[in-house]
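Structure record follows, encoded as structure tokens.
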Amino acid sequence: MSEPMLKVTDLHAGYGAIKALKGVSLSVEAGEFVAILGPNGAGKSTLMKAVLGVLKFSTGSIRFKGEELASTTTVERIRRGLGVIPEGRQLFAEMSVRENLVLGAYAQLGVTIPSSIEEKMAEVFDLFPRLRERRQQAAGTLSGGEAQMLAIARALMASPTMLICDEPSVGLSPKFVRDLLAILQSLRGRGITIVLADQNAIASLRVADRGYILDTGKVVATGYSKALMEDPALRAAYLGIQGTL
Amino acid sequence: MQDTLEVEGLTVRFGGLVAVNDVSFKIGANEIVGLIGPNGAGKTTIFNSICGVTQTAAGLINLGSESLVGKTNAQIASLGVSRTFQNVRLFAELSVRDNIIMGAYRTHKCGFVSSALRSPQHAKIEKESGEVADHWIDRLGLRNFADRSAASLPLGIQRVVEVARAMAGAPKLVLLDEPAAGLNAIEKERLAAIVKQIAVEKCAVLVVEHDMTMVMPLVDRLIVINFGFKIADGAVADVSRSAVVQEAYLGV
Amino acid sequence: MIFDFSNVGQIIFSGLSNGTLYAFIGLGFGLVSRSTGIINFAQGEFVMLGAMLTATLTQFGLPVLLAAAIAVAITTLISAIFYKLAIEPARNATIAQLVLITIGLSILLRGAATTIWGAAPIPVPGFSGDRPISVLGISVLPQEIWLSCILVVVAFGIAWLFQRTTIGLAMRAGASNPLGAAFLGIDHRRLGFYAFILAGALGGIGGAAWSPLSFAQVDIGLALGLKGFIAAAIGGFSRTYGPIGGGILLGLMEALGAGFISSAYQDLITYGVLLIVLIYWPQGLFGGQLPNAHEAVTELLSSAKPSPTTIVSADMYKMIALAGVLVAAGFSLQGVWLTSAIFAIILAIVVIGLVLLTGYCGQLSLGQGAFMMLGAYSSGYLTLQWRLYPLLAMAVGVILSIIVALVLGRALFKLSGYYLSMASLALLMIGLTLARELVSITGGANGLAGIEPITLFGWSFSDDRSFYALASVVLIGVLGIALSVTRSRIGRSMLAVRSSPSAAQASGVDVGRLKAQAFAFSAAVASVAGSLYVHYLGIANPIPFGVDATIMQLTALTLGGLLSLWGAVMGSAVVTAIPTLILFFGGSAANQIVAGLQYLTFGVLLIVIVVFQSRETPKPVVAVSRLFENRFGHRKAKVL
């Protein structure tokens, strides 16, 4: 099929009188790793919200696997194969790590919890052995890095075809950010399409295939990661790198 | 000269996590200081501790001779600390002028009965706060928007209204939370000019900002936070050249 | 009193038995609040329905167990329909609106039941006979064993649901972090539907199993609902077994209080406990989370016209128009319609207070009757016993009301959401008990008779028309003050708090203080209304100030649109006219039908109007998050 996995066309969205997105278009092919970059307030988070159905958009179109998402709810989008590592992780703080993970597979579960879920969980625990040790612990008591692991692990429980990662590096140490990006890269290796919105521009571009740079609600640059990283004007203006470096 | 804000050994914990670790700094009157660091480094937590939104585990926060630790955010506001919000929080149901009048709320006291019975005191206060609002409306070029609902304005103007609201309370310290977020280059420049202007009012300004291009030309001094620790504090040129800062903040 | 073990044992046992029922109802509250954040005020009426339906069906000759099963099925169905018709469409409802909707259902059910069954109690046979069994000298009914066994089964069932099933886990997840739940494909609407189905079933089961121990009666729902809420509040809403502990504790307290102190003050103990728990242990004695009911978030909407904060000419025109209507009505109305107009004015005075409290400050009081009684009995007692001048006595009532409201308000407004609603209802119940029992002051159920009319400069407002004129002047005065408040520095800060509580606090507004002041204002005007009422009728008794009065206030407030002072007056006129109209057209119908239809009308009005109003608010811009913020309350993201 020729249509990309995710195709956003001329998207306008905002909050009341504030227009946060002013005609954004982008596309993500199946199996690609695409980074969405830009300063705070550029519209990254609004774009993610629109794709996930948390924010209604006024004009434009978002197509996922060839189908229009405009009139669908978040729940339906998840059921169609979108997975999310949400901004701020959005864990269920009072519930255990295990319960968080079980709920990760919610879209595929019946009334009772099947025993087959243990296999899926074992797979996820192999990726994040720390979580196995802490499976009975309440999610709210995890450290920042562990909580982020849980957010990723929870998203993987549903075996999504595309994973939306909204600012996953917030509050993590540089080493953990590197680990995290390596994990995302390995997930891409397993065939999961990845869209990463992050303020950690250079590190994101190092693992992504392509990037889009947003500023004040518009795409100001796009291209393969290497090309974006090497463009001095972009480095200075949007990637947080001063010319003097 | 006495410093406007003095933070000494500030520590904040969330559960087991130490979000801010033994951070100390000072801000003098008329000084514009930038507080920078990667997202999640602890900037917002420091900001919230000063406002009284977040409880501190240890340390001192003094505004002049007054301690802010343990006070509610309304009390801290009454002592002369104004703020703006990262996601603009104006009073949507009120006009721009009324929003700015609300900023002057803390400078007067007027009880329920006195207001309900429209006492001369109430009339005087309303007149005075109205004048203060008009002063800031004119000074920041908001005259054309004064009677419009705050919600109907573009983000760039909303941020200016927020600054006007903060200034209407004649604060000793103004805290700006990511004022550049979502603004385009022209709006940023205009806002920076306004912030420069208000420091002349003998108030100290603390700007928490992620956008280096906004902060660098604006501030007198930079404080850099990472993993809850203060890793640098000094003149903009020195700080941005420091290797620690480049590694931690710029992510290179 | 002779101390007798079997007597004490019997008291304890009867406490346990009642406690079991409270636990049942508390579980229903917990179930709904845990999965949707809603406090379902109609939970007690589900119990009433379960009991009434079981009673009727056994009277038709059905075996009691079959009757009970059908009763449970019907109750469940009603709860499910209610969710689909009233809760789900009210997408953008605020907490206050959701409270109003479930209160509407509770009134509607009570009205329908009263119309159908009347007030007479109906006996129900026990599931396995009514012969008491003696255990350790305590006489136990087989039905009591049934009830406890069913409770145990239900409790384990709920525990299983929340720990072991995906639905239960998802319900907890939805309450813990709605946005995170949506990101996993959890459909909170469907889960809310399930929760209401279960709550309906739970109420039905409780009612059916309990009815043989008492009589089935249409007016038990309110008190049982309150006690179930107390059970959940004491035990903590978020704990599966919390409401059971709370219910049994409450049952024991009541039984011991009634057995050793006085049964007359039983309610005083119950509701006093509720007030203390709400103030000091809002999370329940056993810990856990609060039902999530934080401030709604007002989005920045581009179409909004700014609210005026100074008196504008339109206000003056409206005031003049109202005065004109009052004068015209005063000259043209006769007989029952003039009386009805006087009651409408008295009601309007109370509702104007609620506009400030509920409309402007988002706090819903169900207990204005308590302040009306403070005014009524101050006027009655002080004019009769101390021969105090009526207006002076009225002022004493106002001062007392303000003091009570400020003390209670300062304690309660640290919390938000449902707490004032429940606490004020508890206050009303305490007030009603005191009014009945402090016979030396209040005259008990008979009340104080022979209260003199109000006099001013030698003129006595004793006939209907002159009293109408007086009441109209008071109304205009109260309206003028309320208008002045909303168009002042205070009103501006109230609107600011509505728009953004955090920004208001950052501007130095003491939000708790502001809400307490609005509460005190509403209490003061309610007290004035109470005083007017008794001076008009000449007698003071608890009847006109009970829950029925609360229902009329809420309906009038809702009809008027919560935020409009003029609407409050019009809503009051309509609400007062309804019973007069029902009487007018159905004068020959039996009393119970008239009363039932009145409730029914109010209930339907409340639900329809609030659902409509909640949908009318402009389309949400942040669809899911706003919906969750409004329904479940806004949660700050946890910093992990």
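Letters are used for the chains, namely A, B and C, taken in the order the chains are written, and counting of residues starts over at 1 for each.
One rule holds for everything that comes next: a residue touches a chain if its C-beta (ideal position, glycine included) is under 8 Å from a C-beta of that chain, and two chains touch if they have at least 3 such contacts.
Keep in mind the model is a prediction, meaning the values are calculated, not measured.
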Remark   = Between A-B and B-C, more C-beta pairs in contact link B-C
Request  = Tell me, please, which chain's centre (mean of its C-alpha atoms) is farthest from the centre of subunit B?
outcome  = C
Remark   = For the pair subunit B and subunit C, the C-alpha centroid-to-centroid distance in angstrom is 42
Remark   = Here the gap between subunit A and subunit B, centre to centre from mean Cα coordinates and rounded to Å, is 32
Query = Using the touch rule from the top of the page, what residues of subunit B touch 2 or more other chains?
reply = 15, 17, 88, 92, 151-152, 158
Message = For subunit A, give me the residues that contact two or more of the other chains.
response = 16-18, 140, 143-144
Note = Among subunit C residues, those touching two or more other chains are 299-302, 640
Task = Flag every residue of subunit A that touches subunit B in the complex, lowest number first.
result = 16-20, 39-43, 140-141, 143-144, 167, 169-174, 199-203, 215-216, 237, 240-242, 245
Inquiry  = Could you list, by residue number, the parts of subunit B that touch subunit A in their complex?
reply    = 15-17, 38-41, 88, 92, 151-155, 158, 178, 180-184, 210-213, 227, 240, 246, 248, 250-252
Task = Sort out for me which residues of subunit C touch subunit A in the complex.
result = 164-167, 169-170, 172-173, 176-177, 179-187, 289, 299-302, 620-625, 637-638, 640
Inquiry  = Touching residues of subunit A toward subunit C in the complex: what are they?
reply    = 14-18, 49, 52-56, 73-75, 78-79, 84, 86, 88-95, 99, 102-104, 106-107, 109-113, 139-140, 142-144, 147, 154, 158
Query = So in the complex, which bits of subunit B are touching subunit C?
reply = 14-15, 17, 19, 45, 51, 53, 72-74, 77-78, 82-83, 85, 88-95, 98, 101-103, 105-106, 110, 112, 115-118, 122, 125-126, 129, 147-152, 158, 165, 169
